[in-house]
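Just below sit the structures, each encoded as C-alpha cells.
Presented sequentially are two complexes of chain A, the first with chain B as partner and the second with chain C.
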Partner chain A sequence: MAGRIRTHRAASPWLFLLPGLAVTAAFTLYPFLSTVGKAFTDARTLTPGHWTGLANFRAMLEDEQFWVALRNSGLYVLLVVPFTVLLPLLLALLVEKQLPGVTFFRSAFYTPVVASVVVVSLIWVWMLDDRGLVNGILRALDTGPVDFLGDEWLLLLSAMALTVWKGLGYYMVVYLAALGNVPRELHEAAAVDGAGALRRFTSVTVPAVRSTMVLVGALSSVSAFKVFSEVFLMAGPSGGPAGQDTTLVMLVQRTGTGLGGRVGYASAVSLVVFAVTLLLMLLVLRADRKEAP
Partner chain B sequence: MPPLRRAASATAALLVSALTLTACGSGGDDGGSSADGKAEGKITFQTWNLRAKFKDYFEGLVRDFEKQNPDVKVAWLDQPAEHYADKLSADAGAGTLPDVVNVSPDLSYPLAKAGLLTNLDKEKAAARFKGEYTPEAWQGNSLPGLGGSYAFPWYLNTGPLFYNKTLFRDSGLDPERPPRSYGELFADADRMARQSGGKTATLAATPSIEDFGRYGVQLMNADATKFTYDEPKGVELLTKYKDLYEHGGLDPQALTNTPEKSGQKFLEQKVAMNPGGAHDLETFKENAPSLYRNLGITDAPNNTGKPNMYVMGLAVNSRSKHKAAAIAFAHFVTGKQQQEAFAHKVAIFPSTKGSLDDPYWTKEDGTDEGRVRVASAKMLKGAVNYTPVVMSDEMKTILRNEVAKALQGKKSPRQALDDAAAQSNKLLRQG
Partner chain C sequence: MTWRTSGWEKALRYLLMLAVLAVTVGPFLWQLSTSLKGTTEDVYTSPPRFLPRHPTLHNYTAVADIIPVWDYALNSLQVALASVLTNLVGASMAGYALARLRFGGRRLAGLVFVTALLVPLESIVIAQFTMMRDLHLNNTLTAVVLPGAVGALNVLLMRNAFANVPYEIEEAAVIDGANVWQRFTRIALPSVRGTLAVVAIFAFMGAWDDFLWPLIVLSDSDRFTLTVGLDFLHGTFAQNPRLVAAGTVIAVAPLIVMFTCLQRYFFRGVGEGAVKG
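The block that comes next holds the complex of A and B.
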C-alpha cells in the first residue's frame, strides 16, 4: 500500500504536466522537428521529397530575394527595437502620475494594441496613400506628395513606424508595472541632492527598470525579426516595389505555401529565422547576466 | 545565473524560437474506387466562393441530382475566395480532398501531378462525355506533360476592360473609340498623360503574363518545359511599358498596386482603364455614379486576335471511394442545362457545345449587363487561356518583381526578363 502511494506521488507531477506537454509536443515540438527534417529535403506541398543535404542552404545563398529579406528583417530589428525600448518608457513616465484624466490617455495609448493589425495597417495605407490624409496635409503645406507606398525605403520605414506605434501601449503597461516598484524615496533623495529631471531619469529610473528594458528589448527584437503582417499588408504579397520590402517570414510564406509550395526551401529559411532568433535571445540573456549587479 | 535557471532560460528561448517554425504534411495513397460501377454512396462537392450568392441554385442542383440518383448523397462545401489554393493543399495533404472539386487549370496542375485527380481522357466513364463540351474548353483543362484533361469544363469568363469616357474626352480622345491594340493603347496613354500634365494615368497595373500573351509573345516552348517570354517581342512590350511608366501613362504606384487598389483608383477616376467583371457595374452605380454615367466597356487590347479566357472546371478526386458517383455528379453540374441555368444568374459563360449560339448571348437587350454579356460572349469565340498552367504563384511574383526592376530602371528590360525566365525555369526544372 505504502509502495503504491509512493509510486503515485512520483507520477503525480507528470500527470499534471501531461496535457500541457501533449499540446507542446503536438503543436510546437513536432512541427519544429518536422521543419528541421524537411529543410534537408526537396519536399513540396504535395510530395514528401527526398534527402538533398545542404542543397536548400546553398540555393539560399544564391537567392537574391533571401539576402533582401535578411537585410530587411535585420534592419527591422536595428531600427524598431531602440524605439520600442525607449518610447514606451517615456510614455509610461507621462501617464504614471495620478492626474485627473490620466486614465483616458492610458486607454488611448493602449487602444492600438487591442486593435487588429489588419485594420490598423489598412488605415495606415489609406493615410499614406498618394491621396491620403498625410499627403493631403503635405500638399496643403506645398511639400507633397510623398510616395510613401511606392518607394521601397519609405514603405519599409512606414511599416516600422506602424510596428512601433502599435507596440507602444503594450510595452507602456509593462513599464508602468516596473515603475510602480521603483521606491519613491530614491527620487526624493536624488531631488534633495540637486538632481534635475533628466539626471533623475538616467540615474534613478533607468537603473531601476533596467531588467524590464532588457525584457522589452528581447521581446521586441524577436517580434521585429519575425515581422510579417504589417509589411505584408502595406507592401502587398509581392513585397513592395520589385519585392524589395520582403522580410524573411514573408519569404517563407511566399515560397512554402500554395499547391506548388517549396516546403523544403521554406523550411530551410525557417531554420535561419530560428537560428537568428535564438541568437538574439541568447545575446539579450547574456547582456542581462553581465550587467546584473 | 544558477545552472537550472540557465537551462530554463535556454529552453524558453528555444521554445519561443521554435514557434517561428512551421511544417506541412503529405497525404498517403489509399487508392480510389472503380469509375465504371453503379453511382452510389456519399460524396463531397466543393465550390469556390459561390455559397453567398448562389446557395439556392446549388441546393437545387444537389436536390435534382439526388432525385435522379437515389443511391447517392451529396454534401456540398464552399470555400472563401481567399487562400483557396492553401485550403486545397491542406486537404490534399490530409487526404481529405473532396470527391468533386472546383478548380482552375493552374490549381489542377499540381494536384494532378501528385496523382490526386482523375485523368478524364483515360477514364472511360468520363471520356464519353467529351463531345458535349466545346473543344477549346476541354483542351483548356488539359495539362501539359500529364497526358489528358483533368477537369470537366465548367464556366468560362473573359472579363471586359472598363474605361472612363470623360477622361478620354478631356484628353481629346474619341470616347467611342477605345484602344484595340497595344500600339493604340500606348499612343492614347501617352496623349492622356501629356494632356493632363501627368495627373491621369491610363493603366494602374504592370503587365501580367496575360498581357505578354495578348501582345503576341511566345510564353513557353511547345512542351511547356521552358519559359520563353524573354524573347525579343517580350522585351519590346516591357520597353514600351517602361516608357509608359516614365511618362505618366502608368500609375506611379503601379509597382505595388494590387487588383483591389487598381480598382479603387479607377473608381476614384485617377486611372482611365481597368479590367473587371460585370459584377463591378453595381459597385460603379452605387459608389461612383458620375463614372457610371460615362463608363465605356471594351475588350482588352490585343495583338493576336485571340482574347484571354478564364476557365473553371470540376475535377474528380482519383482516390474517391465513390468515383462513379463523383463522375456522374461532376458531369451533371457541368451539363448543358445546368450550365446555362447558372449562366443566366451571373455574368459567366457555359462551356457546353452550342450554348453560346443562344440569343441570350448573341442579342443585346438594351441593358448595360446585356451589353457586357454579348460583348464578352463574342470575345470567347477563339479565346485562349494565356496563363501557362505550370506557372506557379511564386513564378508570377518573380515576373512581377523583375518587371518592376525594369520599370524602375534598375535593370534593362532584356536583363529583367532574362532573369525572370531563368529563375522560373530553374523552379520548373525542380519539379
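The block that comes next holds the complex of A and C.
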C-alpha cells in the first residue's frame, strides 16, 4: 500500500482538500451553527439581536401558522412517499423488458426530472386552471369544472401529485438498476410453479428490491418534508386561501427574509426542519435494519 | 431462453407505456402548443385543441418585451457553468485526496463531507443569506453559486470513483517519479471520466433548476436567474398563459436538448449511485 513509500508531501492532501473543505465549512457547517445560535435570539434582518432563550420556540407553539405548516409538511410525507416508493417500481417493471423502442420510453419518462420544478409547476398551474386543459377535458365530458387551485385541500393534493409525477422517472432509473441484479431464474422458477403476476411481484420482486425501496423511502420522505417550490408556485407566496397551504420551508422563507425578517424565529423553525428530516432518515434506516434478515 | 413474451403481453405493455408517455410528456407538449398559439386564437376551448391553428413565435418576442428573459437565461447559464467548473475542480481534488492519499486526519475530513450531507439546505438558507449580506455579496450571481460550489455529495461520488480505480497503475507512476499532482491529472482523472461527466451534468442541472436560494438572495429584477424570473412573470402576467408558456419553454428547452444528447450519463449516474448505496 501507499503508506510504505513516501508518495507525497505532508501538506499535499490538505491542498487538495482546501477548496472542498473551505466551501463546505463556510457555506454549510458555519451557517448551520449560526442557525442554531440565532434560534435563541430575537435577531432581525438588520439587527443581530439578543439572547432570548426559548422565546422563539414558545412563540412557535402559539403560532397558528406554524402548526398549519407542520401539518402540511407532515401530510406531504405521508401521502407522497407511498406513491413514490410504489409507482416508479411498477414503471420500472413496465420498461424493464428489452422490447423495441423501450429505450425511447425510458428517456421520455425521465423528462419531468430534467425540467426545473418552477417550469413544471407553472405547466401544472396552467393545466389545472379553471379553464385549462384538465377542466377543458372535464367540461367536454359534461362534468366539472373542478377548482383545483382555489380550494385549500385540492391545492395541496395537486401539489403532491406534481411532486410524485416529477419524481417518477428518477426513481424508475434507481429501481431499474436494482432490478438488473434480480436473478432471472427466480422469476422463471416462480412462473413454472404457477405463480401469477401479482404473486411473483410480492414474493420475488419486492423481497429482491426491498433495500432499494427503503432507500427510495428515505430519500423521498426527506425531500417531501422539505417541500417548497411546488406549493409556493401553485398556491402563491402567501400559501393559498388564508395561508392554509403554507409548508414549513415556506414559513422559513416568509418570516426570515425581507427587511423586517424575523431571523431568530425563522432559525428556530429551520431547526425543526433539520430535526425532523434527521429523524425521518434515522427512522427509515432503523426500519431497514430491523426487517433485514 | 425459456422466458418468452406473449403477443398479448407485448400489446399490453406498449399500451401502458403510451399511457404513461401521455401523462409524462403530454404536459410539456401542451405547454409548447400554448406558447405557439397567437393572440387571436382561443386557448380556453373545450374540448382542448392540441395543435395551434396558426402557429406563431409572437409570444417569444412578446415575453422578451415584458421581462428580460434572454438576460435571465444568460444569468442562469453563467451560474450553471460556474457551478460545473467549481464542482469538477473542487470535488475531484477532494475526492482524490480522500481515496488515494494517506495522511492523519483523513477520516475527519471525510466526516466533514458526510456531516454536511445531513444538513438540508432549506434549514440554513436564512443563515446563508445573512452571511452573504455581511459579505456584501447579496444580490450577486457569485452569491448564487457559492453555497453549492463544491457539493459534498459530489466529493463522495468522486472519492468512490477514485477508490474503484486499480492502484497498480499509480504505483508504477510513483516508482517512475511522478509527483502527486502529475498522478492526479495524468492518471487518476482520465480513468474517472464517466463520473466527472455525471458530476458536471448534475451540477449544471442543479444550478439551472434551483429556485429557493436564488429567490432569497437576488432582489433586483435585473439580476434574476430564469427560475426566479419565471416566478416573477407568473406573478405579474398570470392572466396571459401564452406568455408564461413561452417563458417556460425557453427555460426547459436547453435541458431537454442536453438530456437528449447525454442521457447515457444521466442514467449511468443515477444507477451507479443507487447500486453502490
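The definition used in the following text is that the second predicted complex is superposed on the first by the 274 of 293 C-alpha atoms of A that agree within 3 Å, B and C clash if a C-alpha of one lies under 4 Å from a C-alpha of the other, contacts with A are read in each partner's own complex, and residues count from 1 in each chain.
As a convention for this text, a contact is a pair of C-beta atoms (placed from the backbone, for glycine too) under 8 Å apart; a residue touches a chain by one contact, two chains touch by 3 or more.
Just so you know, these numbers come straight off a predicted model, no measurement behind them.
In this superposed model built on chain A, chain B and chain C take up the same space, so to speak, and clash. Look at A:Thr202: by the touch rule set out above, it reaches neither chain B nor chain C. In the superposition on chain A, A:Thr143 makes contact with neither chain B nor chain C. Counted by residues of chain A touched, the larger count belongs to C, out of chain B and chain C. In the superposition on chain A, contact of A:Ala242 is made with chain B only, not with chain C. Touch criterion met: A:Leu259 reaches chain B, while chain C stays clear of it.
Once the two complexes are overlaid on the shared chain, A:Phe228 sits against chain C while remaining clear of chain B. Of the two partner chains, chain C is the only one touched by A:Thr212; chain B is not. In the superposition on chain A, contact is made by A:Ser267 with both chain B and chain C. Within the superposed three-chain model, A:Thr35 lies in touch with chain B and with chain C [touch as defined at top].
Residues 24, 28-32, 34-35, 38, 45, 131, 222, 226, 236-237, 249, 252, 256-257, 261, 263, 266-267, 270-271, 273-274, 277-278, 281 of chain A are contacted both by chain B in one complex and by chain C in the other. Across the complex, chain A meets chain B through its residues 24, 28-32, 34-36, 38, 42-48, 130-131, 147, 149-150, 155, 222, 226, 235-243, 249, 252, 254-263, 266-267, 270-271, 273-274, 277-278, 281-282, 285, 289.
Contact residues on chain C toward chain A in their complex (touch as defined above): 2-3, 5, 10, 13-14, 16-17, 20-21, 23-25, 27-28, 30-31, 34, 44-48, 86, 89-91, 93-94, 96-98, 100-103, 106, 109, 112-113, 115-116, 118-120, 122-131, 133, 146-147, 149-150, 152, 155, 167, 171, 174, 179-180, 184, 205, 208-212, 215-216, 226-227, 230-231, 234-235, 241, 244-245, 247-248, 251-252, 255-256, 258-260, 263, 266-267, 270-272, 274-275, 277.
Every residue of chain A that touches chain C in the complex is listed here, in rising order: 1-3, 5, 7-10, 12-14, 16-17, 19-21, 23-25, 27-32, 34-35, 38, 45, 91, 94-95, 97, 99, 102, 105-112, 114-120, 122-127, 129, 131-133, 135-137, 139-140, 165, 168-170, 173-174, 176-178, 181, 184, 187-188, 191, 211-212, 215, 222, 226, 228-229, 233, 236-237, 249, 252-253, 256-257, 261, 263, 266-267, 270-271, 273-274, 277-278, 281.
Chain B makes touch with chain A in their complex at residues 1, 9-10, 13-27, 85-86, 88-89, 92-93, 107, 109-111, 113-114, 116, 252-253, 255-258, 268, 270, 392-394, 397, 400-402, 404-405, 408, 410, 427, 430-431.
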